[in-house]
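Two complexes follow with chain A in common, the first pairing it with chain B and the second with chain C.
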Partner chain A sequence: MLKVVVPMASAILATEFVQAQTEIVGNVDSKCIIISETPGVYGNPNPYQLTTAPTSGGVQPIIRYDVLAADFYKAVIEHPIDFSSSPNLDDVVTWSGDVEVSEVSDTNMSDYDTNKVEYDNAHEYQMTVAGSTWFKISSTADYGYNKSFPAGQYTAVVEAECIPI
Partner chain B sequence: MKYLAFILLFVSGFSGAHELTPTYPELRPSYVSDVLTTNLKMWNARVDVEYYKIEVTDAMWNDVPFITEERIFKLSYMERREIEIFLPSDTTAQYICTRSMLDRGKFKSRSIISSKVCSKIK
Partner chain C sequence: MKRLSQLLAVFLFCSQPSYSEEVYGTTNNAAQFGLNWVMTNILPEYAGLEVNGLVYQYTAVKDPETDMIVWVQNEYADGNGYIFRNSDDWSGLPGNTISKSFAFPNLSAELWGPGSIEVDGDGSVEDASVIYSYKYDTCFDPQSDPSCPGYENTLEVPEIPIYDPLQDQLVQDELEKKKLQQEEEDEKQRQRRREQWAINNALEELLGEGDIPELIDPAAEAMALALTSRVLPNNYYNLLFGGEYLETVILEGGDIQDNAKARRSNLAQQLLHQQMVDSQYESSQQETK
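Let's look at the complex of A and B:
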């Protein structure tokens, strides 16, 4: 009798031991999130000029990129080269602008600005480090040859893209 | 203090996020012959954006034909949406992107941010 009970009890105990093991499974997906942290505001320091420069009453837009895995994405940010809405303009608007890294969550991101590629109004960054990167955009529009902008409201769009490599 | 934080939140402007997953979706056969399909998930945490547009392009960023329920869709703040894309079996599609649609009348004298997040087909 004992010859049967002992192996059975051992088998049951062994089964219970196996059942007591619980696995915790986690997956880390590559993921890119674009966060619009601060919308920009144009200041009007001169009648012919609209600028996001803080010294001229403007606010620079700030975009944050959260990348969950390194080397999966590139960020492309375009500063504005036209108004998406404005009063009727009958003269040329000259645009200038820039994009720069303003804050990083990892010191290894400090060379992002050095390594970025610029073409037209686009600034392309390889997101080689996982974490958060804040980009600050500056934009200035000059109207004609020191000509006054017509009164009204002006809006321009900053394009922020996150593209898998 | 509680009220001060609340006021600061409004004074400092809004923030919001735009996310599209998975990063590398795979095409699989659909229930229609010679048609491939894939599913993506989108999350809108941009309080200033309610509409998004789906774009499907090849490696050179040229538009390619695709079918989906709505190319421009409404996605309210903090909502998620499942996106199903159908493509012909000989498609050259490489990227599936969602782009934020901005309401011109909503933003005045501002430099506003348009976000576009893409997934790359495996």
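Let's look at the complex of A and C:
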């Protein structure tokens, strides 16, 4: 019986479970880069109005998308519909705005505006060409019914996203 | 220790900082005055300058339905093809502003020929901008700056004063003296010529005015006539009558004997001459001794 036990014990030792783990690490860099090239400035042509129109003393913000791989991303840019910081406002602010392609690095990007989809304040572009695309945003805020904006500093934010598809 | 510090001081004194620097820069807008440009007017004139990049931008103005191709290009300086050429095909697309950048493997500025933006099709290009980026080594020519590595001191040629003998005061004085002497001599000669001319003129007047009785001495005139008549023999102005002068002397007997007296006389003279020469020779020999 002992003789049986020893070989059994030996078998147990021989079949002892051994395991190891190793990691596989991978980093994915985004193939879509968003760069704010020109910060916007609101002009105040009328007491009740803030606008980025250059003719009214404003500066239109410009955002650049660098897309390294075509047909893998869509750009969604939202012009502002509220102030991120402002003096206390007790009346309605009416917002309007637009986004357009202002510059391209490839001629085939020039029909991005034609093919874009708009909803709410969002402008959605299919990035079908690799390269750089510059988007220019316009924004206008009218306060009340021709009511003067309270004095102070007003800040609004343009949101730009690059969404993988 | 003192010797070591001296050596270190000498080393520090002799060692000069040497470095070269690569300078990077960008040109002005090459297309600011038109869609054609010459690179020599665009790139700065630095030795060894190399173009390493280009950025262009323009706005294509066109109907989306039309075809349009825009070429941005630079010819080779030797005119053999293009060193850079890129096309933007806007056919069937709306116009827009396009911006592109390119990197080059440091192409020598000497390779770059005329640049241009050409439009094929319907449409136009506005607000064009073409900017080149470049670099150059400040020590491309080591002799351009003493701080460059490899700079070799040029031999300083000492300034040797050039002696111009004509500028020497003594020489100038002597030349001035000779000049004065020459002028005096010339003046004397001129004076002599004037006097001679006056004399000749006076003589001519005298001789020409033969009918002035007070100027003619009858005795002198007679003497002059006598002299004139004697100066030239008659046969100078008398005609010889032609013909043959026949021999009138006739020798009889045929032989003419030698004149022995004359021979002796010749021999005696020869002897005397030889004696005279010998005596002169002997006397000269004695003087040299």
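Quick note on the criterion: the second predicted complex is superposed on the first by the 135 of 165 C-alpha atoms of A that agree within 3 Å, B and C clash if a C-alpha of one lies under 4 Å from a C-alpha of the other, contacts with A are read in each partner's own complex, and residues count from 1 in each chain.
The rule is simple: a contact is a pair of C-beta atoms (placed from the backbone, for glycine too) under 8 Å apart; a residue touches a chain by one contact, two chains touch by 3 or more.
Quick caveat: nothing in here was measured; it's all calculated off a predicted structure.
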Key: Which of chain B and chain C A:Thr155 touches, first, second, both or neither   = first
Task = Determine, under the contact definition given at the top, whether A:Asp111 touches first (chain B), second (chain C), both, or neither.
result = second
Query = Hey, is it chain B or chain C that touches more of chain A?
reply = B
Chain B versus chain C as contact partner of A:Pro61, first or second or both or neither = first
Query = So, does A:Pro80 touch the first partner chain B, the second partner chain C, both, or neither?
reply = first
Message = In the overlaid three-chain picture, which partner chain does A:Gly40 touch, first (chain B) or second (chain C), both, or neither?
response = first
Ask   = After lining up the shared chain so the two structures overlap, which partner does A:Ser102 touch, if you call chain B first and chain C second: first, second, both or neither?
value = second
Request  = Scan A:Ser139 for contacts with chain B and chain C and give back first, second, both or neither.
outcome  = first
Key: Contacting residues of chain C [partner chain A, same complex]   = 57, 60, 64, 88-90, 93-100
Query = For the complex, which residues does chain A have touching chain C?
reply = 101-111, 113-114, 132, 134
Key: chain B-touching residues of chain A, taken from the complex the two chains share   = 29-42, 52, 59, 61, 63-64, 66, 72-73, 80, 84-85, 137, 139, 153-165
Ask   = Across the complex, what residues on chain B touch chain A?
value = 12-19, 21-24, 45-46, 48, 95, 97, 102, 104, 107-120
